[in-house]
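Structure incoming, see below.
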Amino acid sequence: MKGALKAAAAAEMIPDGASLMIGGFMAVGTPERIIDAIVERGVRDLTVIANDTAMPGHGIGKLITAGLVRRVVASHIGLNPETQAKMIAGEIACELVPQGTLIERIRAGGMGLGGVLTPTGLGTEVEEGKQIVEVEGKRFLVETPLKADFALIGAWQADYVGNLAYLLTAHNFNPIIALAGATVIAEPEAIVPVGVIPPDLVKTPGVLVDHLIVRES
Amino acid sequence: MDAKELIARRVAREIRPGMLVNLGIGLPSMVANYVPATLGVFFQAENGVIGLGARPPEGMQDPHLTDAGGGFVSAVPGAASIDSAMSFGLIRGGHLDMTVLGGLQVNQAGQLANWKVPGKMVPGMGGAMDLVTGAARVVVAMQHEVKGQSKIVRACGLPLTSLRRVDLVVTDLAVIAPTEAGLELRERAPGVSVADILAATEAELIVPADVPEMVLAP
Amino acid sequence: MKGALKAAAAAEMIPDGASLMIGGFMAVGTPERIIDAIVERGVRDLTVIANDTAMPGHGIGKLITAGLVRRVVASHIGLNPETQAKMIAGEIACELVPQGTLIERIRAGGMGLGGVLTPTGLGTEVEEGKQIVEVEGKRFLVETPLKADFALIGAWQADYVGNLAYLLTAHNFNPIIALAGATVIAEPEAIVPVGVIPPDLVKTPGVLVDHLIVRES
Amino acid sequence: MDAKELIARRVAREIRPGMLVNLGIGLPSMVANYVPATLGVFFQAENGVIGLGARPPEGMQDPHLTDAGGGFVSAVPGAASIDSAMSFGLIRGGHLDMTVLGGLQVNQAGQLANWKVPGKMVPGMGGAMDLVTGAARVVVAMQHEVKGQSKIVRACGLPLTSLRRVDLVVTDLAVIAPTEAGLELRERAPGVSVADILAATEAELIVPADVPEMVLAP
C-alpha cells in the first residue's frame, strides 16, 4: 500500500540538478499538478527527458518558461518557440532524438538492456559520433539506454497498490518511463480502491510506482 | 482547386482498402478528407491511436484523444490505444502500410530532407526519421517549388531524414516515382505540360513517352 | 474487416517446412484448435519458436508427439520428455534461449530492431559464438532478431477488425509474436462485434492480424 | 521439520514488506507458505502475473491463471497481468526485488549453476539466467549436499547460470553469504555445528568468531 502525497510534497523530493522523465505528448498525459508544484518550488538546473516540450503555458512548457531547465532530451521542440529561443541563446542544451529511438532508449534503460540497435538515423546527422554494429549483414546504430532520477507520470486511474491505467492517447511515454525512473511519481486523475482496476487493464504494475499524488480539491 | 487540395486528392488515390496509414501534420493530414470510409482504412496517430477519426463536434472533445499535432480527434469503432513503444514498433517494423509526409527537398536518389533547416528551423525530427526508415511505403506530399526554387534537387542541401529511397513524390505539378534508375516522371497535374515540369525541376527526370494526367480522388 | 476461417482452412495455409511462432506458456494461451488442425493435416518439418513445448497431449506437445517438428527454438523443454528424447535422438534440433532474451529477440524481429543487447548469458554457454559489444563501458551479448512465417495466437476476445484482448497469464508470448509473424492467425475464445473491446483493452491492434479462427461448435 | 521446510522457513525471513518476489518451481515455491499476508509482498510468476495468490479451491481454477510450472493459482486484489516482454523487463531491469531459486552448485566466487547437467538433464534455462542476472537480490535455496557430495564447491563442474555473484545461499545446514572476500558462513541450522558444516562443504568458507543459529519464520 502506498500513501498519496500532495503535489507540493512530491516537488520537495526533487533536488536542483535532477533528471526528470516526464510523460505526455504535447501536454496530453502530462502530470500538470506536479509540474505546477515544481515551478512553485523553483527547482533549478533540471534535465528533462520527454517526447517534446509542449507549448508555453502547458505541461513541460511551464518549466521552460520558468527557466528551470538546463538540458532537454526530446524528439520535437518545434511547437514551443521558447525552447528553440533558449536553445539558440545557449541557455538550454538540446539533444534531439528520433521519437522511436527515444522511447526505445528509455525502455532499454528501464528493462536492463544495453542499448538499442536501430536502422533509424543511419546516414543522417543522428549517426554522428555513434557506434555502428553489423548484425546478419545489416548495419545498425547503437543507441544508449536512458534512465532518470525521477519519472513523473500522468495516469487516468491508480489504486493504492500503485497500479496505473491510462486512457487513449494519454498513454504515450507514460507506461515506458515508469520503468526508467529511480523514483516514480504518478499523478492519476482518480485513485480507486484496490481491486477496482482489472488486472488486464493495468499498464503499469504498482511495484514500479513509488508515490501517488492525491487529488487536490 | 488550390495546390494543397490537388496534392491531397492525388495522394488519396494511393490508399488501398484495409491499409494502416500515418498522415503527417499539415498538408498530409488533408488526405483523410478524400479517403472514403468504405475502404476500411485505419489511420494511425503516432502519439497513440490506431483508428483516428474526424475532429469531434464542439463540446465533444476528449482531452485524452488527440493527434500528433495535439489537436482533438475522435476514434472510429474498432480503434486501439497504443503506447509510444508499440506505436514506433509498428512503424519501424514495417507494419505501417503507408506514411504520407511533407518534404523540404527530395534528391536525385529519391532521398528526403524534411526535418531541419540549419540555423533557421531546428524543431527536431519527431517521428519523421522512423516513419521514413520503417514504413512499408513512403509518400512525400509537397509543393513542387518554394519561392521559385525547385524542391526536387540533384543533391539535398538540407540534412537527410533517412537514407531510404521514398516510394512516391506527389506535388502540385507532378507525380514522380524514385526508382533504382532515377526519378521517373509518372503523371502531370491537370493543365501542366511535361515541359513545365522539367522547367520547374532541378533534378534530372526520366520522362517516358506517355505521361498521363493525374486522376484525382473525388 | 476480416472473415473468420475454420481451423482446418488455416492449417491449409501452412506448408511443410514453415516456421511457426506459437503463443502459450505450458499450453496456457496456446491456440489448440489450430494445432489440432495442423496435426490432422500432417504438415511436416516445422520449425517451432515458442517459450516451451508444453507436455505430451497439450498444445505444442501434440506437434512433437506427431513428429511434425524438425527444429525448436525455446527457453524450456524440461516438462516434455518427448522433446528431450527426440533431441537426444537427433530428430529435433533444439536451440535453447533464455526466456527474457527469446521474447526480446521476437520483439526486435517484429519491431524492426537489429537485435537485442543483453547482459543475460554473458560468460555462460549462451555466449558461445556470439558477438559482444561494449556500451558505456559494459559488455552485452548481441542476440539476433527472430521472425517467422506464421504467428499462431491464442486470444480471449477478438473483433472483426482483428483487435485482440487477452486474459491474465494467457498473455505471455501472444502479444509479442503477433508482431513477428509474416502471417498472423489468431484463435480467440470469442469474436465480438466491432466496438465491444474498449480501445484501452486491445493488446494486439487488428492491423497486425491476418486471419481469425471461428469458434467451431 | 524436514530439510525443505527448514530452508523455506529461513528464506521467508529474507522477505521485507512491499517487495516484489519471484519464487522458482519446487522448494522455492514453498517459501510463500511462511510469508504473512500482512507484509504486503507481491509475488511474480514470470509467465505473466504480479500478485500471485494461493492454489484455488477445487472447482474454482481458471485455465487463464497459472504459475510458471503450469499449476492453477489465484490472484490477489491489486494483481496485474503482464506479457512476457514486460515480465522479463521487470526481471532484467532490477525491478524484481528478490528471486529465490534452486541450485545444483554454487562455487567459491558465489556463482550459481542450476540449469543443465550435460548428457543427463538439458531442460533449457527457462527464466533462470535472466532472474540471476537481473534481480536486485538473488537467494539460492537448496540442500547442502546431494548423495554425500557438497553442492558448495570450489569450481562448478556444471555450466554456470550467470557470472553474477548471488547474494545468499540457504541450505539445510547453513546460511552462506557470498561476498567479495569469499563465502562467509553466517548461520548454522538448529543442532548443526560449524564443524559439521565445514565437513559437508567442499568450498572454503570464511568462518567468523560467532555463527548464530538460524531463526526460522513461524
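Going by the order they are written in, the chains are A, B, C and D; count residues from 1 in each one.
As a working rule, a contact is a pair of C-beta atoms (placed from the backbone, for glycine too) under 8 Å apart; a residue touches a chain by one contact, two chains touch by 3 or more.
It should be emphasised that the depicted structure is a prediction, and the values quoted were computed from it without experimental measurement.
More contacting C-beta pairs link the chains of C-D than the other of the two pairs C-D and A-D.
Between the CA-based centres of subunit C and subunit D the separation comes to 29 Å, rounded to the whole angstrom.
Note: centroid distance subunit A to subunit D, computed from Cα atoms, is 35 Å. Averaged C-alpha coordinates give centres for subunit A and subunit C that are 32 Å from one another. Chain geometry summary: the mean Cα position of subunit B and that of subunit D are 55 Å apart.
Residue positions of subunit D with contacts to 2 or more other chains are 49, 75, 81-82, 88-89, 91-92, 134.
Each of residues 104, 107, 112-113, 118-119, 166-168, 171, 199-200 in subunit C touches at least two other chains. Contacts between chains form some other arrangement here, matching none of path, ring, star or all-to-all.
Chain pairs that touch one another: A-B, A-C, A-D, B-C, C-D.
Those residues of subunit C whose C-beta lies close enough to touch subunit A in the complex are 104, 108, 112-119, 131, 133, 135-136, 138, 140, 142, 144-145, 165-168, 171, 199-201.
Taken together, the subunit A residues at the contact with subunit D in this complex read 1, 107, 110-113, 159-161, 163, 179, 194-195, 199-200, 202, 205-208.
Taken together, the subunit B residues at the contact with subunit C in this complex read 20, 40, 42, 49-51, 75, 77-82, 86, 88-95, 134. By the touch rule above, subunit D contacts subunit C in their complex via residues 45-49, 62-70, 75, 81-85, 87-89, 91-92, 116, 121-130, 133-134, 159-163. Per the touch definition, subunit C reaches subunit D in the complex via residues 25-29, 51-52, 55, 74-79, 84, 87, 94, 96, 98-101, 103-104, 107, 118-126, 156, 166-176, 203.
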